[in-house]
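Per-chain numbering from 1; labels A, B, C and D assigned in written order.
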Amino acid sequence: MIGRAVLVEDPHPPTPDRAPDAASEHPPGAVPRTDDRPSTAPRLTLADREALLELMVGMRTFEERGVALYKQGRTPGSFYDGHGQEAIPVGAAFALGPDDVICSPLIRDMGAHLVRGTDLTEIIRHHLGRDNRLSRGREGNVHFGDPRKGVVGMVSMLPDMFVVAVGMAMAFRLRRERRVALTFFGEGATSPGAWHEAMNFAGLRKEPVVIVCENNGLAYSTPTSAQFAVPPAERAAAYGMPGVVVDGNDVEAVFAVTHAARERALRGDGPTLIEARTMRMHGHGSHDDARYVDPALLEAWRGRDPIATYEATLRGAGVDVDAVRARVLERLDAAVEAALATPLPDPAGATDGLWATDEPVPLGRGDAPWSGFAPAPPEPAAAPEAGR
Amino acid sequence: MSAQGAEVRGAVVPGAGAARQGTLVGAASADGSPAGATRTMTYLQAITDALRVEMRRDERVLVLGEDVGAFGGAFKATEGLFDEFGADRVQDTPIAEAAIIGTSVGAALAGLRPVCEVQFADFVATGFDQLVNVAGKMHWRTGLAVPMVLRLPSGGGFAGGPFHSQNPEAWFMHAPGLKVLAPSTPADAKGLLAAAIRDHNPVCFLEHKHLYRRVKGEVPLGEHVEPFVARTVVAGDELTIVAYGAMLHLAVEAAARFEPGRVEVLDLRSLVPLDEDAILASVRRTGRVLIVDEANETCAAGAQVAALVADRAFSDLDGPVRRLAAPDVPIPFSPGLEEAVLPTADRIAEAARELLAY
Amino acid sequence: MSAQGAEVRGAVVPGAGAARQGTLVGAASADGSPAGATRTMTYLQAITDALRVEMRRDERVLVLGEDVGAFGGAFKATEGLFDEFGADRVQDTPIAEAAIIGTSVGAALAGLRPVCEVQFADFVATGFDQLVNVAGKMHWRTGLAVPMVLRLPSGGGFAGGPFHSQNPEAWFMHAPGLKVLAPSTPADAKGLLAAAIRDHNPVCFLEHKHLYRRVKGEVPLGEHVEPFVARTVVAGDELTIVAYGAMLHLAVEAAARFEPGRVEVLDLRSLVPLDEDAILASVRRTGRVLIVDEANETCAAGAQVAALVADRAFSDLDGPVRRLAAPDVPIPFSPGLEEAVLPTADRIAEAARELLAY
Amino acid sequence: MIGRAVLVEDPHPPTPDRAPDAASEHPPGAVPRTDDRPSTAPRLTLADREALLELMVGMRTFEERGVALYKQGRTPGSFYDGHGQEAIPVGAAFALGPDDVICSPLIRDMGAHLVRGTDLTEIIRHHLGRDNRLSRGREGNVHFGDPRKGVVGMVSMLPDMFVVAVGMAMAFRLRRERRVALTFFGEGATSPGAWHEAMNFAGLRKEPVVIVCENNGLAYSTPTSAQFAVPPAERAAAYGMPGVVVDGNDVEAVFAVTHAARERALRGDGPTLIEARTMRMHGHGSHDDARYVDPALLEAWRGRDPIATYEATLRGAGVDVDAVRARVLERLDAAVEAALATPLPDPAGATDGLWATDEPVPLGRGDAPWSGFAPAPPEPAAAPEAGR
C-alpha cells in the first residue's frame, strides 16, 4: 500500500520541542512525556515521513468509514476504532523488518495492519462478514491478521496474544534468527494474570519481544486509577526489563523508541516495555457514547491530534498533504466498493477446517516500508489460507 | 422473538413438576410492592431488578466486575445500582477474572454474598481455576460455604463471533460443587437470580445475551425467588423437547407448528441440580425426546440429559434419543454462518417431525 | 494391576475396527532399532521413549514445563532428555501454566512442535483459557496450524486427593479444536504420543498417573505411531463395555469374570476424534452397552458416548445405556473414600451382570 | 497448645547481630539480610520467646514424626515438611490477633496451624486419612485448615489462596473491622498469573492483607534463577506496596516485620509483601531426595538452623530448653497414639456434603499467644464441621 521510500538524507532527529510538556501524573488529565528518546535516533527520510502520515490518515479514514458502515447497519456485530491513537500502531509497526511478526495488533491498531501491507479490501470484507481470505467470515471486527504478512490476529481475551508473542520470540531466539515479535495491548490489559506470566517469561529469558502498551487512560469505562497503582512502564523493572514512556501521539517518537527496542531485542538484551501515553477519543466501540469521559479532557487532547499535528509539520516540510488524503480516499473507496460487491461466505462451509491436515506453512513476510531497511530479499513460501 | 417470549408466558401449562413451581415468597416485599403485583420487564430489567431487590433486602450482597459501577456494566445489567448502593457494594474491578472470582470466594468466606459479573461468559476461561478448584470444591473439602453468584452473559445469535457467543455451562456441570442456572424468561431470570443469591453455594448464572432485550414478560415485583427445578412450558403427549435458555423459545416456536397436545416442551431452568424427575416423568409419558443445546454438541448439557434418558427411561422410549446442538466448531461471526451453526426453530421442528414419525 | 496390564496385552483380539490398528511406521527407525523389535516398558518409559524418538527424528520438537529439565519432571517422564537434547529443547519453566501453554502456541505458530507438560492435569484449569480460546480456536478462525501437545498426568487411585486426581478430558472435548487422547497401554502411550507430536493440531494427551509404573508391556522400538481410533481389546457378543485409560484395565478384569465371548471391551484411546463407527458397530452387534468413566459423571466423555449410542444405535439396543462413573464430588484423599468413589472391577462386573440379565 | 504468655518486662529489641551478614544476591547461596526491621519493634517477653521456641520445636518434631509415619507406609499419598523454615510460619502467625485470619498456611507452614491452636490429634488424623474434623479424610497432607481457629486450608493451585485472602481482607475493610488476612506462599508461587491479580487488587485497593513470601531458593527442582528476574520483595513496588526482606531463619525478625505489616494494614495503609529468605533443607516432599541441591549449600544453611540458633539464645536467657522439648514430645506422642487409634472415615459418607444447606457459620477466632494482645474476649459462634 505504501511504496518503499527512497533513501533521502533527511535525518529529522527527534527534537525536545516535539515532546510535549511533561507531567509525571498518569492520564487521563496528564499530558504524556517522552522520557526515553533513544540517543541514536533512526533516520527518517521525507518519504518515510510522508508514508507515516499516509498510514495514519489511512487508518483514520478507514475507521471513519467503518463507523459509518456500522451505523448504516452494514457491519454485523460491533465496530471499534483507534481514533487519536493512530501514531502508536503506525509508528511502532513502521520500525519492524519484514521478518518480524506482530502478534497481535489489538483493538486500536488498524494502522499496524496497513503498515504490513494487508489488503484493504480483504479487511473490509472481513468487517462486513463477507467472504475473505483473512477470516472467511468466521471472525469479525478487530479479530484478524494476515499470516502472509507476518501478522497473527488477536483473540478477545486480554492479553493472551502477548503470551503467544513471547512464544514466537522464543522460537526466533532458539533458532538464532534475527527477528522480533511485537505485541500490542492497552493499559487495562496489564491487569490479567496472563500479562504477568508473559512479562516474566519474556524478562527472565530475554526473549526478543517488543511490548507496546497503549495507555489511553481508559479500559472501557474504567480509568487507570481503578486499574492499577503503578503505571505499566514503571512496572517493567519488576521483570528485569526497561520500561519506556513515549508520547503516543507523536508518530516519530513512537517509531524511535520501537526502533530502539527492536535493536535491543536483536542484540539479545531482551524485551522492552514501551508505554505509549495517549487518550481514547471515542467510545470503547461504536455502540458506546462514552458519556463517562470528561468533555474537557477530550477537548484538551483534541488539540494534540497525532494526524493534525503531523500534517502541519509535514506541510511545513513541503509534503502535499492533500494529495496524501486524496490517495487514501481513492484506495478506500475502491476497497469498500469491492468489498460490498463480495458475497457472504457459503454457509455450507461453516464447519469445515476445524482441523489442520497439512504441514503448516510458515508465516509470510510483512511489508517493511521504512527506508532504513535494505532492499527486500525475495519472498519465502506463502502462508495458508484462513481455515483451509 | 418477543412474540415468542409472550408465547412462552402464555403457554405455561401445569405438567410434571408444576406443583413445585412458582413464587416461594409471596408476601409484601422489601420495597413495599404489594404481594402479587407484577410489571412488564425485559429479561435484562428483570436481572437488574433481582439485584436491586436482593441488595436492599440483604446488606451482605455486593456486586463486582469490570465496568459494573457507574457505567452499569457492558450490558447495563447493573445500571442504577452504583447510585443506590455506592462504590463499596457496586465495585468496578481491574480486568482480572481470576481475581474477580477469587476475591469473591474470599468475601463469601468472610460472610458477604458477592455477585460477580464476567463481562462475557467466554472470558470465564481466564478465571476457570478459581471457579472449579477453589469455589466448587470448598464446601465438600472443608465444610465452608461459598455463597456467591457468577453472572455469565452467554450465548450467540448476534454476530458476536468465536469469543462472544459461547455457552460454557457444560464445563461447570462437569465441575462438582457448582450450581448452574440458565433462565429463559424474565420472571425466571429474576426469580432464579434471587434464589441464587440466597443459596449458600457458588452458582453459575447463565444469562442469555440474546434474550436481554428481546424477551419481555410479567415479572413479580419485590421479592421473588424460583426453585431450581424444570418447568413444563408446553404440554404434550407424543414428544418431549428438552431445552433451556434461548433455545427454549425456539423449541416453543417449533412445538407450535404441531397440533396442540402432541409436543411437550420442558424448560430445564436449572442444569445443576438437574431436575431428573421432571425429565424422566415427561419422557416416560411421551416416549420420545429431542434435546436442544445451543452449546457445542460434544459433552454438552444435552449429552447428560440424553445419557440420563437412555439409562433410566429406556423401557419407555419409542424412538431414538435425539439431540440438536451446535456442531463442534467455534461460533462464527458472519450472520449466515452463525445461523448455519446454531439450532433454529426450523431445524427443531424438522427433528421433531422425524421423531414423531419414528 | 500390572497383572491386569498383562491381561490386556494378552487379550487383544481382532474385533470391529481392528483392521485399522497397529503400527503405521514399521521400517527401521531413527535410532537404528530393527523393524518389529520390541522391549518391555512401563507406561511411563513408553512415554519417555516416544519423546526421545520424536525429538531425535524432528529437531523442531521441544519439551517444556515445570521441572522437566535436569530433574526429569515430577514423574520422571522427561528423564534423560535434558542430557541428550540440552536446555533449549528441554526447558524448565516458571510456575505458570497459561504461559507454558501460550508460549507453546506461539512457538508452534513459529514452526516448532512444543510438547508441554502440566505437572498434574488438575492444574490445567490455570491455563485453560490459552488452551480453549487460543490453541483450540486458532485453525478454524485463521487457518494457522498449532501443532503442539499438552501432556496431562491425570487420574486417581493413589490418595492424591481433590487436586491431584482429576480426569479433565470432558472439558477439552467440549472445546472445539482440541484433539484428546487417553492411552491405556505402554504401546499405545508411545504410539499415540508420537502421533500427537506429528499431528498438526493441539492435542491434549491424558497420561494416567496410576498406570505409569503399574502397567508394563511390549513396546515397539524406534518410530511407532498409532492412529486415533478405538481398539477392541476383548471380543464378545452380548455386551460392550466402553472404557479408556485406567478404567480399561478394570473393564478387562471385569469382563474376564464372564464366560469368554460374552463381554466385549472397547478401548476408546482417542476421545476427540471419537471413533463413533467402532462404538456403534460394537453396540449394534452386542445390543447392550456399559460405559465406564473415571471422571465425574455429569457431562463426562461417557455421557457423550451414551448420547451417541442412544441416538444412532437405538434400534439395536436390548437394554438401557448404562454408565459407571465417579459421582459428582471431588476425588477424596483417604483410600477407603477414594475407592468408594472411583469405579472398581467389582462394580463394573456387577453392572455388566445386571445388563446381561436385562 | 501454647499457654498465654505472662506479660513480663523483657523487651528484647532486635539487635543487628541477629541479622546475619548480608549479601544482596539472591539465594540459594546468599545469606539473607534483614533490611527492614521496624523501628518500633514489638515487645517479646521471655514467655513469648519460650512460646516461639516451643512452636518451632513443635513443628519440627511433628514433621519428623510425619516423615517417619510416611516412610512406614502409614500415611497415604505424600508428605511435605518445612524443616529449616519453622521461623517463618511461627514468627508470622505469632503476630496475629485472634480475629485475624490465615488464608492459607501453605506447604511449609505447619507452625502457623500450631500458633492458631489447631488440635494436633486432628491434624495427625487428617494426615493419616483417619476420620477427623478438619477434612473428614477428604483431604490429606498439607491441605487443611481449622475454620474454628480462623484458618482456611489451602488448595494446591498456587497461589490461589492469596487471591482468596485478598477477598477476605476486602470484606474486613468494607465492614470496617480491625482484622487482617495473612497469606503464605513460596517464591515459586509468584510466577502464576493469580499472584499478579492478587497483588494488583491488594495494592490498588489497599486491602488489609499481610503477604508472606517464603523464598527458600527452590520451587520443587527449580532455582530462583529460572523462576524470575527480580526477587519478590523488589517487585512489590510495582503494585504500590512496600516489599520487605527479612531473615527467614530468625523467628523474632519475622515476627517483627509481620507485626509491622499488620499494624500498617490496620491503619488502612494497605498490604506489605514480606519476603522471608531461607533455604529448603529437605526435598520438595518426602518422596524427593533433592539430589539436585548442592550439598555445600545445605551444609552452610544447616549452621543457620532457626531452632538451634534460637535454642542457644534462649538457653542463655535462662529458658529450660529440654523441658520445652519434653513437653512437645509428650504432646506429640499422645496425639499420634490417639490418631492411630482413630478409624478410617465411613465410606458411606464419601459423597455427602457437596452442597451447603445451612446458613454459613462465621470463621472462629484463633489463638493469639503473643503477650502483646489483651486478654482474649469470649469466643463467638463456632465454625462448621468439615463437609457437614
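Operating definition for what follows: contacts are C-beta pairs under 8 Å (C-beta built on N, C-alpha and C of every residue); 3 or more make two chains touch, one makes a residue touch a chain.
What you see is a predicted model, and the numbers here were worked out from it, not measured in a lab.
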item: Chain separated most widely from chain D, comparing mean CA positions; value: A
item: Selected pair, greater C-beta contact count between B-D and A-B; value: B-D
item: Chain A-chain D separation of Cα centroids, rounded to whole Å; value: 47
item: Centre distance in Å when chain A and chain C are each reduced to the mean of their C-alpha atoms; value: 42
item: Shared-contact residues (touching 2 or more other chains) in chain C; value: 93-94, 96, 98-99, 122, 125-126, 129, 133, 137, 140-141, 162-163, 176-177, 328-330
item: Per-residue multi-chain contacts in chain A, two or more chains; value: 135, 138-139, 143, 155-157, 191-194, 197, 200, 204, 226-228, 354
item: Parts of chain B lying in touch with chain D, wherever the complex brings them together; value: 62, 88-89, 93-94, 96, 98-99, 102-112, 114, 129-130, 133-134, 137, 139-147, 176-177, 179, 200-201
item: Chain B-touching residues of chain D, taken from the complex the two chains share; value: 101, 103, 134-135, 138-139, 143, 145, 147, 152-153, 155-157, 160-161, 163-172, 174, 181, 193-194, 197-198, 200-201, 204, 353-360, 362-363, 383-388
item: Interfacial residue positions of chain B with respect to chain C in the complex; value: 122, 125-126, 128-129, 132-133, 136-137, 140-141, 162-163, 170-171, 173-177, 272, 274, 295-296, 298-304, 306-307, 309-312, 314-315, 317, 319-323, 328-330
item: Chain D - residues contacting chain C, complex; value: 76-77, 129-130, 135, 137-141, 143, 155-158, 188-189, 191-194, 219-222, 226-228, 292, 344-345, 347-348, 350-351, 354
item: Chain A contact footprint on chain D (complex, rising order); value: 191-197, 200, 203-204, 226-230, 234-235, 237-241
